[in-house]
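The data blocks that follow each hold one structure.
Both of the next two complexes hold chain A, though its partner changes from chain B to chain C.
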Partner chain A sequence: MTDAAHPVTGLDEVVHQRVRLGILTVTHEARRVEFGYLRTQLELTAGNLSKHLSVLEEAGLIEVEKGYEGRRGRTWITLTDSGAAALNEEIGRLKQLIARVETSGS
Partner chain B sequence: MTDAAHPVTGLDEVVHQRVRLGILTVTHEARRVEFGYLRTQLELTAGNLSKHLSVLEEAGLIEVEKGYEGRRGRTWITLTDSGAAALNEEIGRLKQLIARVETSGS
Partner chain C sequence: MTANSIPAADDPRRLLSDLRALAHRVRLHQRMTWVALLVLSAATFAAIPVDWFGMEVNCQPDGGCQFARNGMLWYWIPATPLAYAAIAFFYLRAARARGLGGRRVLPYAITGAVTTIVFPAAWLAVTTYFESHPIPDQPLPYWWFVLDRLVMPWGMIGVTLLVLAWLERNVALLLFTLGYLALVLLVLPMNFGFGPPHFGIRAGMAVPQIIVGVVLLVAALGFRRAARRHR
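Right after this comes the complex of A and B.
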């Protein structure tokens, strides 16, 4: 145990939440992804994915763009620079957390 | 991108949620911790901590024990074997996620 702040106190729930962490990770890999692709990758319903996309968009971590591919409506999602920075921050804190768990006896 | 299931699809929200991950980490370090200690470490209100302890207790991941230290009522929290296993599983998935983020370009 240390006196420093526990790593979870610095986690941002906007980023850490399971589905949103997945969205940020996939958009980090692909930069611009289609709604249906995200839905399949993360095994989500459309409604659940939409809800979490709104939270991330409001926080400025992703951009959502509606358009067409041929005659079919499509929604594209892009990670913003803030989103990339927030994911990076989350990964840093998770590493601290993992290090802390692994150095403590069980 | 891979065709394998995305690491976040295997995360358990009972364990992954920020505060609960903190509770499991601290009890993993100390095995048996007092309510007030957890509250300070995780910078929580008593109500918020209680709510998350109930979720973890119902899932069998911690045990909550009420007693006295002198004349003062105390609540002690202990990580169960299931709780240790669940934390271990979470850490494994987080490592997969981190590896995936770090091998993808930004």
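Right after this comes the complex of A and C.
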């Protein structure tokens, strides 16, 4: 072991989850995304997606806004500044992890 | 992407690759490149009659002619911000219909609208300069012609398309724009038109604009076709 902490120790349990990372990635790219779009792209059921969104919203990483377009209800998800920072941090840690694995393997 | 949690031994490289693919897919869904090209093509075609009828031409008995493209100057001042407002509107509407935010287009539309002032400002600067300085006897250097073409509306269209290519991470648009800029800066005489004996002054000015309009239109159709194939 080196003096620096292993990247795994810094992984955020809320963010370090495949679906939640997907939600943050899509929202980061689109700035604002509709529930139905996320469900289709991540191939999830509405219930499953809702659960993940609740976790992210409670952690303050996303904001959920419900409204209507005509008679149709629509839910929009926006990434917060903390969410963007958490995503960047997670990706940085994943890259560190890859670098660490490659270094130890060579 | 699947609904599974990340197992402890999951390959982070694969996860990163999946996230990149997902981000790329979102970017593809947000793209409306063909709309931007179509609107710019329409604005270019609409400018042709304004340039034709708004041009002041004074020919002397010795055969020499002076011209002032007043129509073009006044047309592009409102047409440029209107064109970019239309592009932003169509982008945002389409993105919203797909369930996405469309803020990516706003820096492009704002840059495009800002370029409105470049051509009148350059025209004003040149006019002011030659009011107190003699017109040079020697031919102007080649770079001067290229710079003149760059500040014209068609050059500015190319510059803002570079911004869109960067915002959309769109390699195909980047390649098209580089070709387009080479055409309007180095090949077509956008500033002085095609000369006699084949063309009069007005027709000589119209032909390069028709070519630019057709190039933008063909590109719009090509990008639309490519976008449909992706979906």
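Criterion: the second predicted complex is superposed on the first by the 103 of 106 C-alpha atoms of A that agree within 3 Å, B and C clash if a C-alpha of one lies under 4 Å from a C-alpha of the other, contacts with A are read in each partner's own complex, and residues count from 1 in each chain.
Convention: a contact is a pair of C-beta atoms (placed from the backbone, for glycine too) under 8 Å apart; a residue touches a chain by one contact, two chains touch by 3 or more.
Source: prediction; values computed, not measured.
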* For A:G60, decide between first (touching chain B), second (touching chain C), both and neither. => neither
* Asked: Who does A:E29 touch here: chain B (first), chain C (second), both, or neither?
  -> both
* Touch check for A:E13: first (chain B), second (chain C), both, or neither? -> first
* Asked: Given the touch rule stated above, what does A:L21 touch, chain B (first), chain C (second), both, or neither?
  -> both
* Of the partners chain B and chain C, which touch A:L97 in the superposed model: first, second, both, neither? -> both
* Asked: In the superposed arrangement, does A:N48 touch chain B (first), chain C (second), both or neither?
  -> second
* Asked: Regarding the shared-chain residue A:A84, is it in contact with chain B (first), chain C (second), both, or neither?
  -> first
* Touching both chain B and chain C, residues of chain A -> 16-19, 21-22, 25-26, 28-30, 41-43, 91, 94-95, 97-98, 101
* Show which residues of chain A lie in contact with chain C when the two form their complex. => 16-19, 21-22, 25-26, 28-38, 41-44, 48, 78, 91, 94-95, 97-98, 101
* **Contacting residues of chain B [partner chain A, same complex]** => 1, 5-9, 11, 13, 16-19, 21-22, 25-26, 28-30, 41-43, 84, 87-88, 91, 94-95, 97-98, 100-102, 104, 106
* Asked: Along chain C, where are the residues that touch chain A in the complex?
  -> 1-6, 10, 12-13, 15-16, 18-19, 22-23, 25-27, 30, 95, 98-101, 103-104
